[in-house]
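Sending over a structure as structure tokens; questions will come in a sec.
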Amino acid sequence: MTEFELSQNAYGKSENRLVRIVRDGDRHDIRDVTVNVRLWGDFEHVYTEGSNHEIPATDTMKNTVFALGKTHFSTGSLEEFGKVLCRHFVETSPRVERARIHLTEHPWKRLPDDYAGSDHTWLRGSSGDHVVWVEGDGESLTVKSGLDDLFVLKSTASGFVGFERTAFTTLAETDDRILATIVTAEWTYADEVEDYQESWDAIRELIIRRFADHYSDSVQQGIYNMGTAVLEARPEVLEVTIELPNKHHLVVDLAPFGIENQNEVFIATKDPYGLITGTVRRKA
Amino acid sequence: MTEFELSQNAYGKSENRLVRIVRDGDRHDIRDVTVNVRLWGDFEHVYTEGSNHEIPATDTMKNTVFALGKTHFSTGSLEEFGKVLCRHFVETSPRVERARIHLTEHPWKRLPDDYAGSDHTWLRGSSGDHVVWVEGDGESLTVKSGLDDLFVLKSTASGFVGFERTAFTTLAETDDRILATIVTAEWTYADEVEDYQESWDAIRELIIRRFADHYSDSVQQGIYNMGTAVLEARPEVLEVTIELPNKHHLVVDLAPFGIENQNEVFIATKDPYGLITGTVRRKA
Amino acid sequence: MTEFELSQNAYGKSENRLVRIVRDGDRHDIRDVTVNVRLWGDFEHVYTEGSNHEIPATDTMKNTVFALGKTHFSTGSLEEFGKVLCRHFVETSPRVERARIHLTEHPWKRLPDDYAGSDHTWLRGSSGDHVVWVEGDGESLTVKSGLDDLFVLKSTASGFVGFERTAFTTLAETDDRILATIVTAEWTYADEVEDYQESWDAIRELIIRRFADHYSDSVQQGIYNMGTAVLEARPEVLEVTIELPNKHHLVVDLAPFGIENQNEVFIATKDPYGLITGTVRRKA
Amino acid sequence: MTEFELSQNAYGKSENRLVRIVRDGDRHDIRDVTVNVRLWGDFEHVYTEGSNHEIPATDTMKNTVFALGKTHFSTGSLEEFGKVLCRHFVETSPRVERARIHLTEHPWKRLPDDYAGSDHTWLRGSSGDHVVWVEGDGESLTVKSGLDDLFVLKSTASGFVGFERTAFTTLAETDDRILATIVTAEWTYADEVEDYQESWDAIRELIIRRFADHYSDSVQQGIYNMGTAVLEARPEVLEVTIELPNKHHLVVDLAPFGIENQNEVFIATKDPYGLITGTVRRKA
């Protein structure tokens, strides 16, 4: 008899790259989605006994994503498709107790109408990926939405002063710097949502507007301002978590060359970088 | 006396990440550029004798990119900035015989005017990077321009039939497939160019239009069509080379699940991939 | 008065790339480490009031990593250096309540002794990165160690049979396949550890041995076998979590070419991929 | 009649990820190779007429790599397999005039013999990839070999002094710095080679030894020293081209913290970076 136990287990299929063309007439639509599936359940025997009894193969998960991609996903919301997938796994396999579906939609932008072929041709966009998590156990289902890879930059109206100075502090204060970041956000819903895509579009716009519209005293302040802007305008949102890497742009010292640099020439650096996160929610 | 010789040498500084903010009044402009410098010259002694006599340090090249980025680069064309850098290296260092400057401009899109802060806030774009090569030896200077990372997809109006069938051929013919590619193009100029940026914008649009506007018999045909479209409309272009990876989207076989898939559900694959190139030029 | 609140916040400096050369005499040692710092504390005012009062700048964190890298890190364990950093942040800044240090050591292999210059020359290794998490609040301190990026492959002695078959299952059973994975593992300690590096080396070897030494009925089984092997041999380990991506190698169908392929020719694919995890621990 | 012409064309299949298991008895061998195929030929009609007459599909190239991977590749040299592929494409398809095969072998290291399962289990290595180019037109065939991704570092015995100082030079001279680089090399052969793998192993070792065994006055000097070492010891090599990025490790200034840093603490940076190349050959 072993003195060890399996205290946690999960498995799934990642990076299912589903492209769905909706061909109702000549004007097509495209959905380009990466789907990750993860399942929890009564699978201890697979780990401890070398038996695969009643365990769904990850290859089956892949097939399921593509099959249900045909039957249950066209122009509807990513969130609803996630619900369909989540329910399917929990309901189909007796030993599956919980499923989590993570979806990322990659943006494509249709060519303008005056381009021949615009009915079926797109240019890859970069306005931020739409991400969704759906998790369910057969009884309840929770949906989170978010955005990822939204790269924004402001060339002024940002500073950082008054911070702690210790023996290891060398950073100069500044009231004029570049602030650049790649926004990652996720939020939960307080209410049922009629139109997830409309909600997502509005939240994305609010975040961009709030990034731009005020003087930034710190990255932290930007997170709070973005979060409260979302909560104020969108009653369906319960709480929002935002993570902002500080994509540093360092002022280049041109003084050795007799050249003045009044925040005009910067070197973009990759590492190290600051990483700031915060969650803003409605008070209970 | 050695029986060996140095038959070729070159060196430089890569990935100089220059961000230039143009601050004439409250409305800023941004230029976000990666600059690679490569020099050729009379530097055999550095290789063979361990002497660094009169060799420019790559660190000096970096400084030069940022210093001249302040004094000679603002809202003008990337090509003209490349010329300034190229001339500088050839003229400044007596042993430098030839310089090649490669510049890539990363696109930023200003926020719409009705966004507070739009004077100084941008969203990262993805409409294709503008690339430039300038090469010179102190007497002549050649400029090539190009675009990179332009990701386009059409969901129909593409096929591939009538190709060679050998013992190793299994590919089925199709007259309806997804065609997706990331366009890389570069072109040389026949004439002096007044406004490089206007030329680049027009060429980029021509390439996108031509990708979309006809039924594609092959990726090769698309290259020829794009190339001739550029040459027809833009007299300043002498020849254009285009390279297109075939970003395969494979139709998923849903028949085992009793589901019909009429080119609606695809799996996007990364490798292996077809890679097609061609150069189209004016006849002499 | 706002109806919103900041329910969670954290921040830090990521990707501090510290290289430490230990120069005691002619024979040098090298430590090549990426350090991520994350702090939690009483910083709500930074988010909500635009005040940076008593907040450590992430730039100061960077300086700290390099300064303490000189004074407190040489040939000792990565875990002990993590403890020093963790304690420093909690003790130095009055508002910091909790710190988490994540360290990854990149392996270098000294040249053999019969190579001139072996005292100070190394070749980059790839036997798996050593990773460490240290987290503390000024009172208690927890240490987790792990390994990452350990890529192993077996060309046989692996199968997958007897799994669930549903309407979406097409996968054939097999008792002979390639099993390839990149092991990620992390473990907690039951006891004080005298020599973390000795422990890490031994655990890494146990995991590799266990991957190789038995017929694999599933990836899950491999996780359990690895985990119990570690717990059996290493009393200092309390529990171990292992995550294994299934780096699929698909048998290529050569039958159309009249060629038999008895598990000799495979195509390595990147996506989609199975991802399996489990935690094994001592029973209470 | 068009005034334009196709002046150059080529196409092929990239990233064919072939894994070949040699199963002669219980002790297996593994070959893990990425193969890129590129063809030139009489294919102008494909570009200009939309006809695919007699053009090999890139999918057929993929099939060919895997089929010939079974019949003509086991424990023999990568170069000989490249020759087989090259000849096949030129001889099989009437319109193919020239083929270039590029192969990269990814290193796997068998587990030590005292590990159960070592007959069929490997750990991914990182001692430098073996790369090969074979190009032929049906009459002649040229073979180049090379290595890639060989990451080496020396913590001293490297300096850089006496370089050009201009108005834009700020770099300090040093006679003690870290020199780190990822070696890329390629070479052509003067003679027929009996055992390509033996030759490759020896050249790789020579390059590593030469990197380590002398004081480096510059990266350039290292290239020359490596190149001549190869030519001196290996009569089968005609010329060798080496490219070395300078993976900068910058000394961190700890003086503000009252800490002396005698080349002990460095920050590893990614960009910008120096890039140096040179070719050394036998005199005619």
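Going by the order they are written in, the chains are A, B, C and D; count residues from 1 in each one.
We adopt the following convention: contacts are C-beta pairs under 8 Å (C-beta built on N, C-alpha and C of every residue); 3 or more make two chains touch, one makes a residue touch a chain.
What you see is a predicted model; the values in this text were computed from it and never measured.
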{"item": "Reference interface A-C: repeating pair among B-D, A-B or A-D with over half of contacts shared", "value": "B-D"}
{"item": "Between the pairs C-D and B-C, the one where more C-beta pairs touch", "value": "C-D"}
{"item": "Distance between chain centroids, defined by C-alpha means - chain C, chain D (Å)", "value": "29"}
{"item": "CA centroid of chain B to CA centroid of chain D, Å", "value": "24"}
{"item": "Gap in Å, rounded to a whole number, between the CA centres of chain C and chain B", "value": "37"}
{"item": "For chain C, residues contacting two or more additional chains", "value": "16-17, 63, 67, 168, 170, 257, 270-271"}
{"item": "Complex contacts: residues of chain A adjacent to chain B", "value": "16-23, 28, 30, 32, 63, 66-67, 69-71, 108, 111, 115-118, 120-127, 150-157, 178, 208-209, 211-214, 249, 252, 254, 257, 259, 261-269"}
{"item": "Interface residues, chain A side, partner chain C - complex", "value": "2-17, 38, 43, 46-48, 50-60, 62-64, 67, 92-93, 160-164, 166, 168-171, 217-221, 223-224, 227-228, 231-232, 239, 241, 245-246, 270-283"}
{"item": "Residues of chain B touching chain C in the complex", "value": "167-168, 170, 256-257, 270-271"}
